């Protein structure tokens, strides 16, 4: 009996940690899709970039893990700005198909570029001693790293919630998501808002990517491999909804993790069946509008 | 009134064959004689054209954006492959037909549910459905062979007479004849009043509802037909390659056929010919040389196409032709 | 044919707390020339959407020629003879003018279920569409892609598509909206020439057009019917003037 409780707890905890990564990576996509209405299949490429930059900073330059993570986020977030200005901006008014095609093109370019520089093998990342190994909490032996991830996830949602609900900038973003034209006529610089939000989303994705290296592994195929998952988090959660992305990511993480453990032969497809069912019943997602 | 008459004539004569439509077929037949060493690859190009053609019907004409079209290709491939390898029924034409039927049935059922949605939701649903099917096929490894796939497909001679030689003569002609037959059907459909209604749905779905068009029924119909055609392409793939792996259901395949059609140009049927042929040729030659170079080039070509040549190669040809005609002489 | 073509009884529609239709009893007679006026936000377009089936009511009924069509969707009602035009053009922009109207005619007679024989063989459809274009004086533009036309002429195509449905009830949502005053007469002329047996309801702000066209005017305010009467009665009604805050056009 105690054994089942243990297994369940571990499954939930691992799934939670995995879900946190999905949240951290996908939250940026949810906000930009809700704000710009842009179907960005290349979002995972920014996560991937974050992972690779973190690996290089830690592995080649000997930087400590946490500062490397933060620096990688800032670097990737900043680097995403020219992409937004030069490429994405031109297709804001275009249909889904054009946006899908362009972002697929970007993912291919990213995959090729990273394979060229880093090779196709999975990247190794040495965790700092403080985060490596187990930690005992409430009599349970848990991975310190996963605990760290869960903590980061909660901190992030709290910080984002505060930023969106309690600051002026956040209010402007929410206004623009709700009704772009009205926001513009109120004098809100929507263009600048788009760029900042895009950079923030990409930076967060990079953070998630850096965190993911030790959990999911990192190869140049990462962006394509997890593409469907990021889209599921966003679609199931509802575009532009922080709460939605959080709930959907955690659900997805837990269900996928549990599925793979309980049915290693074929647990992979539960998540897609669940997604389809949910979208058929609630096309706008759990917390989406319209 | 001259202008009115020309408008009427244009409509009544539009479906007539134009001499330039013979060109792709002349080229295809010519390749049989000019490139006898490449017929196996040539058959694969023809299969890709057929697959892209099926997508053009729903994407180019009806405006249905899907990221999961490989599901139907794979359904046809596995049906034909399993019939031949597991059930010992290797008659090529009947396997082709059964592959088409299986894919069409899948298209009908999925379309009936999914085509009630549009935009991002539909995109997600088609993607999820295809991935679901792919994972399901992976899980049923005892039937599908899982990662290793279905091998040992040996088709009986075509019509009981034509054997399959090492050079692929029979397969090439088989693929070409099938492509021609399916193309004829597709051409009929797009020139019919039904085809016109599809364009109307693409251009303004709400107005079509307002004029009383049974939009959902029209969409499910074309989706089913398109799925059947994709199934034919898949079955041909199984029969000519003698093996089927999970890759036939993959997102990569769905994305590739989408890219082929965009490169060629949507909504004109012949875009599929251009796009698929060029994509396959480039992939065959460049991917061998340097896979990263191919992947990078493909991505870059895609971005450039979307930004600057949105109507694809056919669009560029048309623009060039228009400028040529309007230039002072 | 006399009698009531389109009728509502106690029609209500709310979006959460917002009520766009409040207990509307309305009747459109056969052969009517009926105008619906009211300030912005009065719910006129929502009412048309309720009539066509694009919106489902929260309560009440819609009757077409005596048949209760409340449960029917937009497509079913269109097939029973209700046509509408939109305030902002809803055209098939990639197609020619003739093709735009052909679609309406072809769908009406059920020709679009034909997958095999070419559209070119549908001589009757093409001839009827052409005749319609002559009616609205658009025949010269038949071959032009619709997006190349001036806005006023596009508005005529908008009308021609609805006429292609050979409707018994025609709902026009501000047919002259957005048309430069230099071109608006072509719309007005086309509306004048509408067949006498069609019941026509027109939403309009332009009072000159209302006076020219309507035998009966209904005034709608905040989702409810304020009053109804002949145009000159309505123009003289102090409540209507008040609602329009001085009634600039009257």
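Which chain is which? They are A, B and C, in the order written, and residues in each are numbered from 1.
Basically, contacts are C-beta pairs under 8 Å (C-beta built on N, C-alpha and C of every residue); 3 or more make two chains touch, one makes a residue touch a chain.
Keep in mind it's a predicted model, so treat the numbers as computed, not measured.
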Subject >> Distance-maximising chain from subunit A - centres being C-alpha averages >> reply: C
Subject >> By mean Cα position, the chain sitting nearest the middle >> reply: B
Original post:
Once you find the CA centre of subunit A and the CA centre of subunit B, what distance in Å lies between them?
Top reply: 34
**OP:** Averaging only over C-alpha atoms, locate the centres of subunit A and subunit C and give their separation in whole Å.
**Re:** 48
Subject >> Separation of mean Cα positions, subunit C and subunit B [Å, integer] >> reply: 41
Subject >> Parts of subunit A lying in touch with subunit B, wherever the complex brings them together >> reply: 33, 39, 87, 90-91, 95-98, 100-102, 104-113, 115-116, 224, 227-228, 231-232, 235, 239, 265-266, 268-269, 272-273, 275-276, 279-280, 283-284
**OP:** Provide the residue numbers of subunit B that touch subunit A in the complex, in ascending order.
**Re:** 59, 65, 67, 113, 117, 119-121, 123-125, 127-129, 131-132, 135-136, 138-141, 251-252, 255, 258-259, 262, 291-293, 295-296, 298-303, 305-307, 310
Original post:
Of all residues in subunit C, which touch subunit B in the complex?
Top reply: 52, 54, 74-75, 78-79, 83-84, 86, 90-99, 102-104, 106-108, 111-123, 125-127, 130, 133-134, 139-143, 161-162, 164-165
Original post:
Inside the complex, what are the residues of subunit B that reach subunit C?
Top reply: 1, 3-4, 6-8, 10-16, 188-189, 191-197, 199-200, 202-204, 206-215, 218, 221
